[in-house]
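This is the structure I want to talk about, given as structure tokens.
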């Protein structure tokens, strides 16, 4: 007999329903949050309000995408924000050389660092946490050394007009350009995860690496691809973030690291791998953005904001464990 | 009659969808050594774990000295005088012997004395467990249990990993223990041990106790009888064999004198297209190494494997799979994607080549998957997550995966372990069909009946060597005694009794 | 009678068990000598710079190490250090020496309490500890701001030298480290509790079969981790004479703690290593920036160095594994 | 043992020349980088400095205490420090002075005895800037008050000035946010705030041009923004963005070096050197702004190139950003 049949009480049925479609529950949460925030701060319902929400959610969602793909394989990328900063600097430094070169370099750096992570984790079986923590430390050093004095990053900090446009310009009405980038990316990722071979293998690797191996896949290749993609996403996130303010900073996205992981967890992606998806992560990113705005409106301090962040992440993680019954101990 | 030391009635245990124990009853007198027998998956270890407070039962009643009890931890059971040596080692490998003793609060003097009684010298409390060979670890485990001077000593397949000389020391200590008025619950797949050293035995089958008697009187045949049972009534039991003869057919899979460490030495045999060859062996006779070696999941030290006549040097399963060799491992947990849907589990091998990492041809893939689901009649009610499936359906996934992907050689390791009788017969038919379609099948089974039911030939391993090559229909007793190393009877080939 | 196959020779055993530790200590000494040779006068001042400067990170490394040994990871050590620092600083402002000593105890207790709570939540919720501690690190960092909204606070001037020593006096720092190691860690390591901690890190099911209460042991580990974090916070207060609620400090410290643990010879998979290794590793990591300065390089390269060291150390372990699998 | 140390320094080894250490806790911040360039430029111009050791590491007082200790052990003759805290550094600074090292705090003051201080009058800076802004707003409305780093003296002094201005303008309300003097972060915060609340003006502690960008990004109609002579910001003002520059020259570092060198040479400079800021906006100071703006320079450049009597370096020495022997 199967679990399905065992589902008798309404709560069980509900929890089972949600455990399979967290996105729907999350959309509910988002809607409620949006309305509550709007009642507190009606400007949210204006074109401006919606636009700014979309605008600010974009970089977070992209960095969260980077965490999502890694977490699906049972890993994590704590170097993502430093990759983002690094790439943004590279792009700015070369902005003189035109979009192709400048963006080319930026994404090349992202991919290279990501691939390095992937080789460490996939081939040498370095624990993802350690690998990416180490990498982030390396990047912090490189970037700081690069920008001080006449370091190799001390060139122009002027932003590429294209990046500025994508990051901050309006497409029409409340829709900023960045939303199009995010939308396109989302379709790509969601398709990639659900409808391609590598997508299947990403979930499979996170679920049971030995099964993947016994089925004839060299799982290090999967991890290499995943962390390279993560690097590219991080680079994109850094660029989009710079676009908002039209500038670059050595630690510009660092405050997004924990929120990006949080967005993925809220979105129902398990840090142990194997379950979740990007759709949930996007909603998670929007929830955090609207929440941020609510708290901004409430004139709370950063302190309170952080505390509420933490509590929400913890509660939701606990909630998922309860409904999916996948304890770890 | 004398008051029972231990009385277990109606013990049942369910793991999610798997039923490990249905209704187990057992009673142990003071001062007796009592054997617990049963095929793999019969529920022996589960019973032991309940008895010693490792897990708690779903139903049933335990009483010690006819006082109802229920242990919530091994420590508690130990205080109540029940100490056990578990099937899987319970010594922490990163710690030293002394530290492991501290964990269980075992008096070091008592431990040393116990080791001394077992006739083992030169033990060093500072030695790290990781540095001690498995046989001695089992002895340490035993000595630790004895050091607590338990009233009931539980030994779950302690002899499986022991050479004869050490095994004998175990029996001596059992004798001493019972002589001193203590009792022993002894689990083993080696029947001769049980006949020789146990006063009574209880046989489990499919989670139930089916018989309790004196092994010396019953003898091997009675034991085997009740272990195997007569499931004839349940399903038709006609044996299927290949109709064609294999004379002159080139082998599809050929193993030439492969060896690996302690586990395997000089094993050679061949499997021809359309043939099903069964490997018969007791627990831990090297069969796991043999299968994993052929499948490329681990390396042989020497010898070679040929596929269709060409040598296969498989450093990674991918290499073997690319040569059409499919492997279904013993432990489902290694092959299953527990959180993924049935469809993804069945389609997994389709994406092993990097060139298939792009968009999935939905139509063809789902067609293949559907075909497999129908052919294996997999229960799709819980299609969303494999971990929600029953053990039998999970097993179907790990086999069906290869039907979806295609293969020429199929390695099945105990494909019916812990599955209900109905599913078992579906799998038998499947194996035969696969063979009839021209694949070569090599299967290990711990259920002797299956040899006669599905195989054409049987290859018997004992202590890592190939001791006999028998026709599948020589009968369970013959197979069993061969598996116990008695190779004087029924041995066709000259390979017998080399060890 | 049969004798057990001649086990590992004592020398090999010593090398295997303490080789790494010895290596880290030698590395530290060598770097120290190099540093001494770089500067015109290297006396008490230089030594104090090294020991007092890395003291907090040494304690943080200990707090991380104990959790890693038990098979977990604690992403909140940095934030918790900042919190304890801010709590002490805000309470100690303009207080007498005795009062400050009392507050020190309060700070330690608070840290232990919070850490224990994290451990409890981890065990009852079944949420992976990395998630719990990650979320907790948000909350704790926020709480730090609440107890000390702006950098400041204070500490009794005569308590500072007691904990971290005045300039040119490295002794107190060294004594404090030794005291905590000898007074808390070594007894614990030898106790049944300590062994249980290693056991659950090495093999949870075997530990459970041996009668270890895994939940309690995990919670206890977090409590001890909290105690060490508390020391880190107190020491920071004494070193700067105040508190600073910047979350960035916490996250930077977290990275260093993990680096120190790995470099200190604690396997990230748990069950092995000790706390002395991480302590010396922390001192080594603290020595790198001034060394770079001495070489005329940008001290920021130290970040790169410690990152590379961290990766290489683990990568080396990975290579060994692959080697073993091959053979 | 100050004398002994002063003799055995790397400086004396290099033929009677001096070694100057610089400690900065905001790496990669354009303004701070130029400050360090100014130290190098002034050292070159003076001709008596053999080496400038700059430690520019992101962090707070804790990190800076260690940097200062390293510089002391390194045997420098003078330290130019941009302090992360007014009081926390005193013990180590006083220890340095005891060892015979000249210490000059630039940009922000320290309260250590015997330390030289070369700063812009930050309190006046805050007051002037706020008064200009509040006047523009007609004395009523809500101001987005974007401060720097909590606890850094420059920030708290400016805050004191702003509070004085607020006392006289009762119609003004402020929403306080912290930028960490990070241009990018300031821009992002501004987008958040400006698109959620309604503001009539923005007071920045120097993170100016990204806020003007943010106003465009948020798509609201322009409101006055105050800042300092950041090249890009000046450009924006010239191109018609409402706002004002209040001078806060980054070459204060050079001034600090000047003071340090004089002290080392035994000329007794004043303990306190304080610059008075002046406000330039598109109407009153158009000419000055146009003079200061240089589209070829990096957008973060702080466009003041010399201060009479306090700096001796040339513009090219500054922009080349090379210390002696580099």
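Letters A, B, C and D mark the chains as written, and numbering starts fresh at 1 in each.
We take it that a residue touches a chain if its C-beta (ideal position, glycine included) is under 8 Å from a C-beta of that chain, and two chains touch if they have at least 3 such contacts.
A quick map from chain label to UniProt name: A = ABC transporter permease; B = ABC transporter; C = Inner-membrane translocator.
Fair warning: this is a prediction, and the values are worked out from it, not measured in the lab.
*Asks:* Starting at chain C, what is the smallest number of hops through touching chains needed to reach chain D?
*Replies:* 1
*Asks:* With chain centres defined as mean CA positions, report which chain is farthest from chain A.
*Replies:* Using the mean of the C-alpha atoms as each chain's centre, the farthest one from chain A is B.
*Asks:* Between chain pairs A-B and A-C, which one is joined by a greater number of C-beta pairs in contact?
*Replies:* A-C
*Asks:* With centres defined as the mean C-alpha position, give me the chain B-chain C separation in Å.
*Replies:* About 45 Å, centre to centre.
*Asks:* How far is the middle of chain A from the middle of chain C, if each middle is the mean of its Cα atoms, in Å?
*Replies:* Taking the average C-alpha coordinate of chain A and of chain C, the gap between them is 30 Å.
*Asks:* From the C-alpha centre of chain A to that of chain D, how far is it in Å?
*Replies:* 35
*Asks:* Which residues of chain C are in contact with two or more other chains?
*Replies:* In chain C, residues 248, 298, 300 touch at least two other chains, as defined above.
*Asks:* Multi-chain contacts in chain D: which residues touch at least two other chains?
*Replies:* 27, 56-58
*Asks:* Two-or-more-chain contact residues of chain B, please, as numbers and ranges.
*Replies:* None at all.
*Asks:* Going by the touch rule stated at the top, which chains touch which?
*Replies:* Touch list across chains, by label: A-B, A-C, A-D, B-C, C-D.
*Asks:* In the complex of these two chains, what residues of chain C are touching chain D?
*Replies:* 38-42, 45-46, 49, 53, 56, 150-152, 167, 236, 239-242, 244-246, 248-249, 252, 289-290, 293-294, 296, 298-300
*Asks:* What does chain D use to touch chain C in their complex?
*Replies:* Contact set of chain D toward chain C: 5, 8-10, 27, 53, 55-62, 65-67, 69-75, 85, 87-88, 91-92, 95, 150-151.
*Asks:* Per the contact definition, I'd like the list of chain D residues that touch chain A in the complex.
*Replies:* Touch residues, chain D against chain A: 27-28, 30, 33, 36-37, 54, 56-58, 175, 178, 182-188, 190-193, 195-198, 209-210, 213-214, 216-220, 298-300, 321-322.
*Asks:* Help me check something: in the complex, which residues belonging to chain A touch chain B?
*Replies:* 1-5, 20, 191, 195-198, 200-201, 203-204, 207-208, 210-218, 221, 225, 274-275, 326
*Asks:* Any idea which chain C residues touch chain B in the complex?
*Replies:* Its residues touching chain B are 1-8, 13, 17, 192, 195-196, 198-199, 201-203, 205-213, 271-272, 326.
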